[in-house]
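Before anything else, here's the structure in question.
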Amino acid sequence: MDVTPPAEVVERRINARQAYRSDLKPVWCPGCGDYSVLTALFAALAELQIPPHQIALISGIGCSSRLPGYAATYGLNTIHGRPIPVATGLKSARPDLTVIAMAGDGDALSIGGGHFPHAARRNIGMAYFVMDNNVYGLTKGQTSPTTPTGEQTATSLYGWPEDPANPLGLALAYGVSFVAQGVAGDVKGLARLMVEAIQWPGFAFIEILSPCVTWRGKEQYDVIRDRARPIPPEHDVTDLAAAFRYAHDPEHLYVGVHYRQRKPTFQERVTALQQKAAAKGAGNFDRYLAKFRA
Amino acid sequence: MDVTPPAEVVERRINARQAYRSDLKPVWCPGCGDYSVLTALFAALAELQIPPHQIALISGIGCSSRLPGYAATYGLNTIHGRPIPVATGLKSARPDLTVIAMAGDGDALSIGGGHFPHAARRNIGMAYFVMDNNVYGLTKGQTSPTTPTGEQTATSLYGWPEDPANPLGLALAYGVSFVAQGVAGDVKGLARLMVEAIQWPGFAFIEILSPCVTWRGKEQYDVIRDRARPIPPEHDVTDLAAAFRYAHDPEHLYVGVHYRQRKPTFQERVTALQQKAAAKGAGNFDRYLAKFRA
Amino acid sequence: MKQAVTIGQGASCPCVFLMGSGGDGVVTAGDLLARAVANAGLHCQMVKSFGPQIRGGESGVWLQISPQPIQGPAEQVQIAVVLSWRSFGPFARQLSLAPGALVFQDEQDAALAPPDLRDAGGQPVTPRSLPLQKLADELEAPRSRNILLVGFIAGLLQLPAALIPEVLQRKFGKRGAEVAATLIKAFHRGRELADAQARPAGLPALAPVEAEARLLLSGNDAASLGALHAGVEFFAGYPITPASEIMTAMAEHLPGRGGMMIQAEDEISAICMLLGASFGGKKALTSTSGPGLSLMVEALGFATQIELPCVIIDVQRGGPSTGMPTKTEQSDLQLAVYGAHGDAPRVVIAPENVRTCFDATVKAFYLAEKYQTPVIVLSDQQLGHREETLPATAFDEGHAFRTVIARRLPDVKPGEPYKRFALGDDPVSPMAIPGMEGGTYRTSGIIHDEAGNPTVSTDLHRRMSEKLQRKMTLILAEMPGYRLEGPAHADTLLLTWGSTAGAACDAAARRTAEGRPTAVLIVELLYPLPTEALREHVARYRHVAVAELTFSGQFLRWLRANGLALEQALAIHRGGGDPLTTSEILQRMREAWT
Amino acid sequence: MKQAVTIGQGASCPCVFLMGSGGDGVVTAGDLLARAVANAGLHCQMVKSFGPQIRGGESGVWLQISPQPIQGPAEQVQIAVVLSWRSFGPFARQLSLAPGALVFQDEQDAALAPPDLRDAGGQPVTPRSLPLQKLADELEAPRSRNILLVGFIAGLLQLPAALIPEVLQRKFGKRGAEVAATLIKAFHRGRELADAQARPAGLPALAPVEAEARLLLSGNDAASLGALHAGVEFFAGYPITPASEIMTAMAEHLPGRGGMMIQAEDEISAICMLLGASFGGKKALTSTSGPGLSLMVEALGFATQIELPCVIIDVQRGGPSTGMPTKTEQSDLQLAVYGAHGDAPRVVIAPENVRTCFDATVKAFYLAEKYQTPVIVLSDQQLGHREETLPATAFDEGHAFRTVIARRLPDVKPGEPYKRFALGDDPVSPMAIPGMEGGTYRTSGIIHDEAGNPTVSTDLHRRMSEKLQRKMTLILAEMPGYRLEGPAHADTLLLTWGSTAGAACDAAARRTAEGRPTAVLIVELLYPLPTEALREHVARYRHVAVAELTFSGQFLRWLRANGLALEQALAIHRGGGDPLTTSEILQRMREAWT
């Protein structure tokens, strides 16, 4: 399907992408999957032509969460596990902005796992990119909630005794209105998913399989490549139960959009109740004060 | 199926149940669903004949979380949202005990929602009873994560703009190995589910619909009764996707066991790795010290 | 024009206590009386107390009434009405009866009266029976017993008969004319009951006052008003006693002005949502109590570090841990000032009464926005929940702190580098907000350079720490942060803060009247503490006492930590629940300095 | 028997600095040298420093070597080897070269050397080139450059040639005889390089020492050993720099003894899991750093309230917020002592060096179990990560705190009422654990009565607060909580705690040598603080200084809060990252008291 574009188009695209690059040099390990995520993000933003100053990237703490520092947008590398609530506050206070939250698997599913379902219930209009490497990268190789059972890590010397979480399954159960899976190895495909997620009216989640070459070895690329399959084109993206089945496939990692179902965004619902409240005259200081007249 | 037992059996049962009652008088509102949950629990414990001193009830904070105070077992009314980690610590340190964690919908799914998936992944051998009344009872009627969209409460004066969480759907996505739903209105049925949950080798979750007459009105009993249906006997309790469909039924609240699938408990896996470690001689102070000899 | 009022003879401040079990409606009765008192141009303070039950439990109301503004908490009760002796237990210890106090009961409940009821002088008190329920039944309005009670008290206090029917009409009129008429009838039956009683002996005479318009509201109401005045645009919070009323007020009022109230999934999310909104340029507020503040500690340090404004109203309750959720204490002080790993200064201010809950909230927004810092307002259950009468002008210009400012934005130009954390003479570096072209910046809780980028430079660590600290110096330079009250020739100083100020002022006035002129210094700005000013004041007095409601003396320890040695100071503090009373403070001073 | 060692002339404590970028293996080189030094019967302290990269980033190693035990951090470097000038940047400010110091580089990197390298005396230093990579390539072992480096340094320091091959053999032997042989060859080539160099001028002469067995370990290692000795049965934690090594050690050792290490989903769960295990009667531990401690605040108050033992090792890092994760600071002190809403006392103790990380951990378990209270051990990045040589007997009876106790269980009888929180003479009420018949009890974070049931009695609030406080009094009665070091006739006292103690002791020794006899008082028990004893000591000295590594002077403020006015005290503190050095402390004392 992909036709090579003419040379000047390519150059224009590359220049457009450069506009999103900050002057900080990434400190990721050579070969880290997160480089590709950054490249894909630049491509997606360039494609969407969103001015950098209209964008806010909000991350937690982790190798992956360093990403906002490398983009010439507004950016906050917040505290561990809290990108979602910070982004929720920002997006609901400033619906005019493009807000993208991002996190590692530990940040998103361990310490910050309690926030995920609520952003989904509220259907906050933001994209949420989780760079899943099945490990705690920044703190040097401990198990994460997606580390496979039995693995040896810095905190499971005799084999990990827990079952891994299924991020896509969680997102579906949480009622996320846009659920997709991408791989760092496929920058173009990932950028395409990102474009869709950023444009999505509501909460859009992409589980990004982004290898950690340092703690999981270069083989992690191979493991992902071997198991990855494009989600079959006949899959009905509005069928929740079917999506749940793909998410739990014991063999394959399905890449692409798993679920997409429009529902009212937080902003839409809040706008409605703001009108209702305004019609009742709520919010007026003098009227409120009058209520307390004995 | 239920045959009325002879009088002396009934009396013996009642006496057995009395043994689980503490001398503290419940301060729940008259008509609160939690009374029935307590009664069902006494019945279940009496049926299982577990000595009170072998039981620990661990709750969070809320009206529902007052329950442990009323049972003559060991009990901790911990802090808001934390019954699961406290119970996890207790059960994994003391696998000999019967540990039952319990919480309200706010405690379990809002502030404490981050712990639920991990207890499930670990398959900690405890029962977890959530008394869901769709509201914050103790703090006087605010919305909870299960309050239906559009409702007016102390914190949603113009209608709640969020979608409710689906506790059963969450449990299934979390990989809980025993998932059931009970209603406070049916003490006998609830007690039966509790017996099964307490005996279950692994993490067993019961979503208990337990009305709050004060903030949701007596009508909550009717709403539940109207929507409740026994889960069809032909339902295959090992079929995750089918269970997921029942959980998301837009009309009915299915009562009974939704999912039940044996998998290794945390204790089983940990025992295995303890043996592995012991075989390697790990844990010996002198051997460990010797490692530091320059 | 309303009638002047006279009540008995003696002390200036009668205190009425009404108690009943769930459904008895004593809180409504108290509220009606308070409104009547306010409309009579008098002052009133109303404190409610509930049992552990959510519904059907016991409740009690204290009503203090005076022609003068009321400062301290109620002490002794002159008139008590107990509608349910069965649930009286929890109040037995709290209720102190004035010598000669009158205690009433419903005759149907008389059999359950405690055998040994005594006043503060140790004299036995025999409850007098009233046929309240009987009369209500006769009116075919069995649930109007509390309105009969209102009539009875109004009669005893000789409140003008016209005031209450007016209030009843306003409050119950929408239930139909018939209901209102029955209640007004019940009210009058109650008054007749009072006429039949012997006038209570020591009941104070209230000088006639020119009636003027009054407000009746709680500290949580005043704080909510303050937030609206200050231009709050965003609220995220998690319900908790005794702070939830602020959240409910925000839920009611923010959407109507285009703002938003989000019920967060917990307090960690609440404060993080604030930081997101504030990063976006909006004025953001949350309210909580001790357990919630504990959960906010990590994010508070982050807010300081990335210099984001936000306001946290902490309505303190009895601690530690879950403690006593419906009781008061001042024991979140240490957590408010020290709650962070690393050195993370923030602003902490405290209101001292219902009125200043407004001022403190407005000031909190002012300081937060001006100095780009989190600000904690330390209210407490006592202030948050008690209702007070205030002049209708209480929050007007000239009466309240009303300064409102907008955030200082930088003058950014696309293409020119923007330094979010510029280290200039002014420690407050203008903050760009998303959407501003040329203002993009990226930062984190990691020690950062002027642009916001992470650094491991210990030199930058020091300079950024100084930046944060210098803001505190500027705050001290622009406001005194305390208030001194009392005679100029005083030789004794009572240092205090927050809700203890009322009792402290009353105690100082009484001590002054005893010939020991005593001043009170009320600290409003707890962090940064106006240490130098306090040092100068303290040096002027022969005797110094520090009064607060904590078990461990947190305030005294905080003063000391800041370098006020206060080696000879009399430490007046105790474990929480009930507020420190005027007599307690007075007694301690009398014992220490005879 | 091993050979005695002599190194140069002059100062007693040569310091070597090795620096390279990722893959250069300078950390391995440092480790090999440290082991060789230890085996030579000398003492050594090794500090590592890394860039922000997880892999491929720059790293540096400081090696201090001395015949005497080493206390303070390294100051000036006598020998520096830089393998990558390109990534030298972050170290430029940290590296202080002694006058006459020698700097070496790999000749292939010479073109990138900074043009203006100077020693502490301001003299220019010209790096000397070594053909390290070239020689490694000749050996057909291009990655053996760091072993050549080891040989070179060993040669310069004249370490006995036999020591390192032995260590190499142990460390790399399992990779095959060939590998080890090549490395040993590389080592000898390095030594030859050294022989070709002019002997460094000011290099100190180390008196020959009788070689004895030595341990080489970090503070986190020592704490882990302490926990095992104390009988830890349960660990739950969440990874965080610089504490994760303790967690890994527990993951390794607990299962082998039938215990368990759970990686919790966050720090809130970690501490709550501890409380669950402790409620079940098990000795429970977690380790964390500032951000994690911040998240534990609510549960810590709960632990105090329901009187459950547990131990938290907080390995402090630079704050506030995410701060400087790989650098050190002592700025979690305030959070550790005050981190709770309400009055919730807990125990806080601090090790002062690698060895006492063991003692403090054992003591923490002892106090936690004996007094049914949470205990926080305040270590820091400096102690946690630096490696030190210790005598092999360091943790033996008579050398370390080794007292281990079991929890005191009540004598319960089925049918007899059991009062978990009995208010007796002893504030420690024996605790039943689940499984004990007759011991069932129910409790909560709510103020409770003796049985554990919730209450709103303010009287019980006070009595339970006293119970908690009285435990602290008992702890003070059973241990001094501090250590005094220095000449009896000292007229100056340096008050300090934790990892600053080393530099303080060195500074005091140097000041004493200058004719100003100075003692050091190191506080180990920070909460409850031995205030009375400290007061007595402080009163005996003419000059008092307080030294600590915080921007705001948290320790000084803590001493003051406890009632030590210290009005004239010299406050020595600054923002964190790098530890306070001996010279800094000395300099401040010299300036203050000329």
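The letters A, B, C and D name the chains in turn, as written, and every chain counts its residues from 1.
Just so it is clear, contacts are C-beta pairs under 8 Å (C-beta built on N, C-alpha and C of every residue); 3 or more make two chains touch, one makes a residue touch a chain.
These numbers come from a predicted model, not from an experiment.
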item: Pair of chains joined by more contacts [C-beta pairs], B-D or B-C; value: B-D
item: Centroid-based (C-alpha) most distant chain relative to subunit A; value: C
item: Separation of mean Cα positions, subunit D and subunit A [Å, integer]; value: 38
item: Length of the line joining the C-alpha centres of subunit A and subunit C, rounded to whole Å; value: 43
item: Multi-chain contact sites of subunit D, meaning residues that touch two or more partners; value: 51-52, 252, 255, 265-266, 291, 298, 302, 306, 321-322, 444-446, 454
item: Per-residue multi-chain contacts in subunit A, two or more chains; value: 61, 77, 79, 110-111, 113-115, 118, 122, 145, 157-158, 270, 273, 276-277, 282
item: Subunit B partner contacts - residues on subunit A that touch it in the complex; value: 109-115, 117-118, 121-123, 145, 157-159, 161-166, 169-170, 172-175, 240-241, 244-245, 248, 263, 266, 269-270, 272-273, 276-277, 282
item: Touching residues (chain side subunit C, partner subunit A) in the complex; value: 34-35, 38-39, 167, 213-217, 221, 224-225, 228-229, 233-234, 236, 249, 252-260, 262, 264-266, 268-270, 272-282, 284, 298-299, 302, 306, 389, 392, 395, 432, 434-446, 453-454
item: Subunit B residues within the subunit C interface of the complex; value: 27-30, 61, 63, 77, 79-81, 110-111, 113, 136-140, 142-143, 145, 154-158, 214
item: Residue ranges of subunit C touching subunit B (in the complex, touch as defined); value: 51-57, 238-241, 244, 247-248, 251-252, 255, 261, 263, 265-267, 291, 321-322
item: Interface residues, subunit B side, partner subunit D - complex; value: 22, 24, 51-58, 61, 68-69, 71-79, 82, 84-94, 96-97, 114-115, 118, 122, 270, 273-274, 276-278, 280-285, 288-289, 292-294
